[in-house]
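Here it is, the structure, as structure tokens.
Letters are used for the chains, namely A, B, C, D, E, F, G and H, taken in the order the chains are written, and counting of residues starts over at 1 for each.
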Amino acid sequence: MENELRELLESVRSGRLSVEEALSEWNKQSYEDIGYAKVDLGRQKRQGVSEVIYGAGKTGDQICGIAKTLAERGQTPVVITRMSEDKAAMVGDVLPLRYDPISHCGIIGEMPIPSGIGCIAVACAGTSDLPVAEEAALCAEVFGNEVIRLYDVGVIGLDRLLSHLDELRSASVVIAVAGMNGTLPTVIGGLVSCPVIAVPTSVGYGTSFGGVTALLSMLNTAASGVTVVNIDNGFGAAYSASLINHMEVGK
Amino acid sequence: MENELRELLESVRSGRLSVEEALSEWNKQSYEDIGYAKVDLGRQKRQGVSEVIYGAGKTGDQICGIAKTLAERGQTPVVITRMSEDKAAMVGDVLPLRYDPISHCGIIGEMPIPSGIGCIAVACAGTSDLPVAEEAALCAEVFGNEVIRLYDVGVIGLDRLLSHLDELRSASVVIAVAGMNGTLPTVIGGLVSCPVIAVPTSVGYGTSFGGVTALLSMLNTAASGVTVVNIDNGFGAAYSASLINHMEVGK
Amino acid sequence: MENELRELLESVRSGRLSVEEALSEWNKQSYEDIGYAKVDLGRQKRQGVSEVIYGAGKTGDQICGIAKTLAERGQTPVVITRMSEDKAAMVGDVLPLRYDPISHCGIIGEMPIPSGIGCIAVACAGTSDLPVAEEAALCAEVFGNEVIRLYDVGVIGLDRLLSHLDELRSASVVIAVAGMNGTLPTVIGGLVSCPVIAVPTSVGYGTSFGGVTALLSMLNTAASGVTVVNIDNGFGAAYSASLINHMEVGK
Amino acid sequence: MENELRELLESVRSGRLSVEEALSEWNKQSYEDIGYAKVDLGRQKRQGVSEVIYGAGKTGDQICGIAKTLAERGQTPVVITRMSEDKAAMVGDVLPLRYDPISHCGIIGEMPIPSGIGCIAVACAGTSDLPVAEEAALCAEVFGNEVIRLYDVGVIGLDRLLSHLDELRSASVVIAVAGMNGTLPTVIGGLVSCPVIAVPTSVGYGTSFGGVTALLSMLNTAASGVTVVNIDNGFGAAYSASLINHMEVGK
Amino acid sequence: MENELRELLESVRSGRLSVEEALSEWNKQSYEDIGYAKVDLGRQKRQGVSEVIYGAGKTGDQICGIAKTLAERGQTPVVITRMSEDKAAMVGDVLPLRYDPISHCGIIGEMPIPSGIGCIAVACAGTSDLPVAEEAALCAEVFGNEVIRLYDVGVIGLDRLLSHLDELRSASVVIAVAGMNGTLPTVIGGLVSCPVIAVPTSVGYGTSFGGVTALLSMLNTAASGVTVVNIDNGFGAAYSASLINHMEVGK
Amino acid sequence: MENELRELLESVRSGRLSVEEALSEWNKQSYEDIGYAKVDLGRQKRQGVSEVIYGAGKTGDQICGIAKTLAERGQTPVVITRMSEDKAAMVGDVLPLRYDPISHCGIIGEMPIPSGIGCIAVACAGTSDLPVAEEAALCAEVFGNEVIRLYDVGVIGLDRLLSHLDELRSASVVIAVAGMNGTLPTVIGGLVSCPVIAVPTSVGYGTSFGGVTALLSMLNTAASGVTVVNIDNGFGAAYSASLINHMEVGK
Amino acid sequence: MENELRELLESVRSGRLSVEEALSEWNKQSYEDIGYAKVDLGRQKRQGVSEVIYGAGKTGDQICGIAKTLAERGQTPVVITRMSEDKAAMVGDVLPLRYDPISHCGIIGEMPIPSGIGCIAVACAGTSDLPVAEEAALCAEVFGNEVIRLYDVGVIGLDRLLSHLDELRSASVVIAVAGMNGTLPTVIGGLVSCPVIAVPTSVGYGTSFGGVTALLSMLNTAASGVTVVNIDNGFGAAYSASLINHMEVGK
Amino acid sequence: MENELRELLESVRSGRLSVEEALSEWNKQSYEDIGYAKVDLGRQKRQGVSEVIYGAGKTGDQICGIAKTLAERGQTPVVITRMSEDKAAMVGDVLPLRYDPISHCGIIGEMPIPSGIGCIAVACAGTSDLPVAEEAALCAEVFGNEVIRLYDVGVIGLDRLLSHLDELRSASVVIAVAGMNGTLPTVIGGLVSCPVIAVPTSVGYGTSFGGVTALLSMLNTAASGVTVVNIDNGFGAAYSASLINHMEVGK
């Protein structure tokens, strides 16, 4: 901000900009107002990744409008999460959408070539955790990461997990997805020495309380190096994992 | 009940008892009323183990009175759980009490010779879980069981647990005691094929919520063969484990 | 594990296996990876009962695939719990499924001949608890137990329960199923001297909170010998009860 | 209110009162303002019982001041609930207080001669529930009822309760006091045909949650005729029970 | 119970009954087992009112079966609560059912002539509370009470309530029904001197939490003489109110 | 009330009214009883705004009846909140309703000309918060306020909010609407010096708990000058904001 | 911000400030960093009232340091809330503190002369609510308001409240303070037509849950014009009330 | 694991080890059993950091014993968190402990020279959050990181935070510590593009619920790149942050 201000002041001092022009420049919006939304066009510059559209609370028309705005401004690939199949059909009529029915994610634009320090391993405990795990995996790919998928490796029948130990240990970051009592990140946290991002899922019944038990279990893990995101938040885990996998030496 | 009634009816029919005597016999109380308590003298006959005194909500005098009544009626060994050191001192002045400051249990009378199908393994996750684990272990011994203690075998540093696998697998029943996120019973449940009784403890901070997180984790375990008791309820786990370890073939 | 390792080492020492063969043997997976699931084929050997398929979070196709894998590998009878009628129809088109619409369980393969120390009594408080009680009863039969069903024996109108006292007392284990305030296990626990496994159900309204009140009531019971499983978890109760009913003397 | 207004209007119409006098009469306060409190002097007339002083949130001085005001205005007996021993000593220095250390209640003035339809039975499950049960019993006596005390009659060892069945059934109202899982009112509700007022107590540990589990259990009882008051609210139960025991035929 | 036993003993002593006949008499079930239910036929004798069928958790067939059993055994009027319109149609095809779509109650058999000390006032706060208020009112009538209905008398616009003060004060018992923050029983409790039974309803949104806020408000009322039942439990309030309204002097 | 009473007394004293006439005047109801509702006709006089109809818990017929009663008595504009489209169609057939499908509000009668000290700014964090924000905005207009709408100005991409700072600071009151973690009112509270009314919305997933997290966040804000209303209660916020915007100097 | 920036740009353009001077001006901190705190010196200018020190989480030394910094910079009167008596003594040794033991507030510097549209009425339900009510009253006075105190006017014995109706109705804003079930703001909200700010207190026992029940009751009030602050937050209520009472016409 | 096994098999094949020696080698414990604890000596090798002693649940003797064991085995620096001053004194008598009374941490042994990609910024919202922030900062230093401390930079008075923007943006990872409504990580998350680890603290009152509100707020943040640890878990945040700051390129 100081740099931008210094630049502005210099422009005024040098006479290149009038006071009014400088004010207008300062106020130039980094978003586009399309009525029902103020589309953030500065996030890619500000945070390295363009705005991700959370589809659940929006109409098909609204999703279209926001996606179009992002795409037209070059903020691609555009990702839409939590989008139902029928909304995807509406969007697909208007925009070149690729939709994945497992993760309920839609993508517009080219996938980036994977970069980063290493790869991101996405592990999930059971078959029912697949939608969340795939949201994480797909988003991680959109954010430019190579992804290893390790699915249905719950802690009962531990050799299912242990036989993939080498892959787990090869990862820069592990995203560990689990419902019910959410034990998987604890066990993985005891086996690897990289950061683990735990994602509780709403899978379970009775006292699983829609993912709260898994969340609490993860927050109270005895395993060090584990941090947690909101229930079913595969996207959030992928975002943080990608930031970690893109840490720059010498920064 | 039918047998007792049949007996009574026969006694009346045969003239051995008058109607009034029969009624009086029927009403003979199986407890002794000592004012502040109605001491249950029938539990040993009814359930195989005499009444255990829960010390927490009682004064030293009340504990003394109840313990004395039980002891005098031959309901030994008498166990008092959750008894503070100062109440133990008060009771010890009056009765031949052996007090264990770790488990906060006091015992009056001889310990039984271990019996049962096999032994009971009591495993706990961390050092802070010791009071609950010892309550379970001591009570199990009072109820006539051989006990194996496996302490501080939490799932981080899994070899601490795995190096005791043979002992775990030799048990008739495992009591798995853990606070925080209560993962231990899940991992043990995946390793043994005997019943596991899970005891959540109130050890932890923040979202451990005084043991609720551990409890929820245990109730939602993917491991089969695991049942759960109340938070910190070492006594209850020991009681159930002892019943299981004393199952009678041919019953 | 030590035994298996010793065997392996002996094989290598004796030259019967090369180092590579020994490693391959060690790594031989005890599960089959069918994409959306890693089917556990070792559970029957490890825990005496083959993997039970939890149908609720899976598609009909996924259930079919897992069931087929288990059946082909001789892991029968295959049980699928929480399976809706329409999924059952899908599975029934492909596999010889017997479906029970009350408990929502499906079974593939022959039922075992009952074994065990004695029988398992499944008692439930009201008509609405039948689905959970039947899940418990059916699973207990699949696991090789004789089952006594005592339904609608809630504590109001206590003689409904008391007139079945002899049957209750004849059991090795009692599974007590109740919703609302979950009083049944407490009353049964005061009447029998065998282990009682309490199953809270989600039956009720208002402050029954989908079974939480019943669960809390059971965890706080004054009756000794009662342990608890998750809300509506008839399968889990049956599993533990079966382990208890199959305790081996001289183990 | 209409009657009072009619009277006022008539007085004005007849000239007996001027408009100003009528207004002043209307506004005559039914309470006395002593600074830190507005002491309700109309409750005895309005509701048949004088204001009961809740001692917990007040200083000894404040309790003295309110009690004195009530006593001087003839609103006796004055009852103070939840008063610690040291506050009782302070009040006792100034006023002729009788203090009961079990129920933490203090009384000033003569006890009334019991009246009402019948008697009130106060039953509690365990020794630890005595303070609440005694608050209920004592208050019921202050409100002019004969009280039967049935203590330590929890549902384990059911004959402790059943041997007092005649006394229970002789009561006009039963107050059933219990902590832990609060089963007592359910069992009593199934045995008697008079109204039962259930009082949960904060006795218990772990998931008893300071009485919440007992409360939930009571609210979800299958026994008809049971209503519930706040946790530890012995006074409130006594108040309602007394109203019921003083129902007037022909009202 | 003692009386029944005495009678039995006398019969045996006098030779009127053989021991076997006496046992058979004793065991004569007070319920009828119709497979999916054990219909309680003793409740009318035991508690003065026949079993009320809770329709919510039962199929139309089950309701029919239970209702038919009760009706055939003369346990009328039969009331079914929480019965949907389509189930009512099914029952109405088989039995002479009168169905009230507001309260979702169905009745079979003649309504009793009102008896009791006085009448029961049923007051509710808003239009949305009508279903619960009507369940209470209708059940109270079935139980033989005269009922005054005071609907939509919430505390905002207090004169709606105050203009009915005479009716409120004429009642033996007031049932006060309210959702949202459940203030109505508190205000009524301050205006009347008879027992008030508070019924929280699940009406509201956001932090009304399906009636929990109303329930908590009622439990914490400063008004004396108020007891509470479960959320939406109009039937339970009516049952207790009826017991109170039928208190017998000289009992 | 005193004034009204004085007037009445004077009328009686002067002979203008008889006692009976005075009583009748006093009792003249300020509401109209239409069976299912007692329509409040005094609120506009008492509180400056006529009764707002909460449509969620009422049938189309009931809404019509109440709206008609209000309209006929000149209590316009009539606002109906939380009315579904199909109920709106029913009402629209009978009454001249203008319905807004975003806020689910319907209005009958002319909108007032804006008055008040200044304007009310309604800001919301995201597109999904629009229904609640519009309920607030529309109601504020009905209550006679000028409204500034600032939508989708969440704290991520802070310049979306900051570029509207002048508008925010020009307002008399700000209504800040937000779901998820409800940060918006905190940030606005730190930027403006007028009262802020925070409205949590039920927008979010997982641990947003239907608005509870947003509510808690708002209640615990470090920003001074922020008060809170119930989840999704746009109407309530508008009502309070309008009162504030219509404060009268010299009152 | 735009104005400040324009000013800065003009200064640079006109040569009055160099670019570096302008940057330095822009960055001039509005706070003073004293190590353990960054004391906000801009709040009085930004929001009209200087920073209020929340004493609960700070040591006596820290309070002294912050208070001194504020006082020396002319940010008086300084208010410290939630300060224990012993910390007050420490601060009083160093600074000219006036301490009020009821509200636990301390004040340094002169009280302002009351200003604003009218006065603020602070009403509380019971004697135990005094500390919170006094915190609100005192803070309101510090913020320059005239305050009317109406204490112990709970809704039982409604005439205590009604006899002060004129005072209530004369206020610009009412702060309604209540614990237990928090009914007071609802009743006041129905009686007045000015904004009501509800303050739940932690007074109560059992299910009052430390003020949560009062809070929920207030959030779900049917009274319009009521907004809510955090439990025991007398200061916050006073702050908002003062803002409202100082609304400027013509702003 | 495979590598270790291969090595073992080769040793046996080559005759260098006998089968028994190989088994003994395999079983060599990676921990030391000191009775009350099994001290993990493999964590430094396994996870790069030696075991951290959680002091809260342990006696001074136990802390000494474990610390001594770690120190003697070269697992330094030893860190003890949550250690009270008196326990620190006990440990300090035996071992060369440096104790920090703000963070309640003790350290034995030399601090490492900072390494890693960049530095870790630890920001906290208020003075009361200092203990948790310092636990995070100190632990991060122990784990070999350079730490920037930014304290009392809460979002009210936003320029306190913004004036440190350059420092924030220079960090590899930000640890954001906040109580109350936990807004800080959300605001920081919108300003930086590196991973943010959010630590809720138990600072607050009323509905802050001991940190739960802050936690929920953080889990529901709209800011991407934020993950969360348990309430007050400064250590855990430091551990994860250190892993991230030590990511190795080319891994």
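One rule holds in what follows: a residue touches a chain if its C-beta (ideal position, glycine included) is under 8 Å from a C-beta of that chain, and two chains touch if they have at least 3 such contacts.
Everything quoted here is computed from the prediction, not taken from an experiment.
Asks: Which contact partners do chain C and chain G have in common?
Replies: Both chain C and chain G are touched by A, D, E, H, going by the contact rule given at the top.
Asks: Which chain has its C-alpha centroid at the greatest distance from the C-alpha centroid of chain E?
Replies: H
Asks: Going by residue numbers, if over half of the contact pairs line up, that's a repeat, so tell me which of B-H, B-E or A-B repeats D-G.
Replies: B-H
Asks: Count the C-beta pairs in contact for E-G and for B-H, then report the pair with the higher count.
Replies: Most C-beta pairs in contact, of the two: E-G.
Asks: State, to the nearest whole Å, the distance from the C-alpha centre of chain D to the C-alpha centre of chain E.
Replies: 25
Asks: Mind checking the centre-to-centre distance between chain C and chain D? Centres are C-alpha means, answer in whole Å.
Replies: Comparing mean C-alpha positions, chain D is 49 Å from chain C.
Asks: Averaging over Cα atoms per chain, report the distance between chain D and chain F in Å.
Replies: Taking the average C-alpha coordinate of chain D and of chain F, the gap between them is 41 Å.
Asks: Would you pick out the residues of chain F that each touch at least 2 other chains?
Replies: Each of 2, 27, 46, 126, 156-157, 206-208, 212, 215, 219-220, 224, 230 in chain F touches at least two other chains.
Asks: Pairwise, which chains touch?
Replies: A-B, A-C, A-F, A-G, A-H, B-C, B-D, B-E, B-H, C-D, C-E, C-H, D-E, D-F, D-G, E-F, E-G, F-G, F-H, G-H
Asks: Please give the residue numbers of chain F that touch chain H in the complex, ascending.
Replies: 125-126, 154-158, 180-183, 186-187, 189-190, 204, 206-209, 212-214, 216-224
Asks: Which of the residues in chain G come into contact with chain A in the complex?
Replies: Touching chain A: residues 2, 5-6, 8-10, 12-13, 19, 22-23, 26-27 of chain G.
Asks: In their shared complex, at which residues does chain A touch chain H?
Replies: Contact set of chain A toward chain H: 1-2, 46-49, 52, 117-118, 162, 165-166, 172, 193-195, 197, 215, 219-220, 224-230, 236-237, 239-240, 243-245, 247-251.
Asks: Taking the touch rule as given, give the residues of chain A at its contact with chain C in the complex, in rising order.
Replies: So the residues of chain A in touch with chain C come to 126-128, 130, 151-153, 156-157, 159-160, 163, 203, 205-208.
Asks: Can you list the chain E residues touching chain C in their complex?
Replies: My answer: residues 27, 29-31, 36-38, 40, 42-43, 46, 56-58, 62, 82, 200, 202, 210-212, 215, 230-233.
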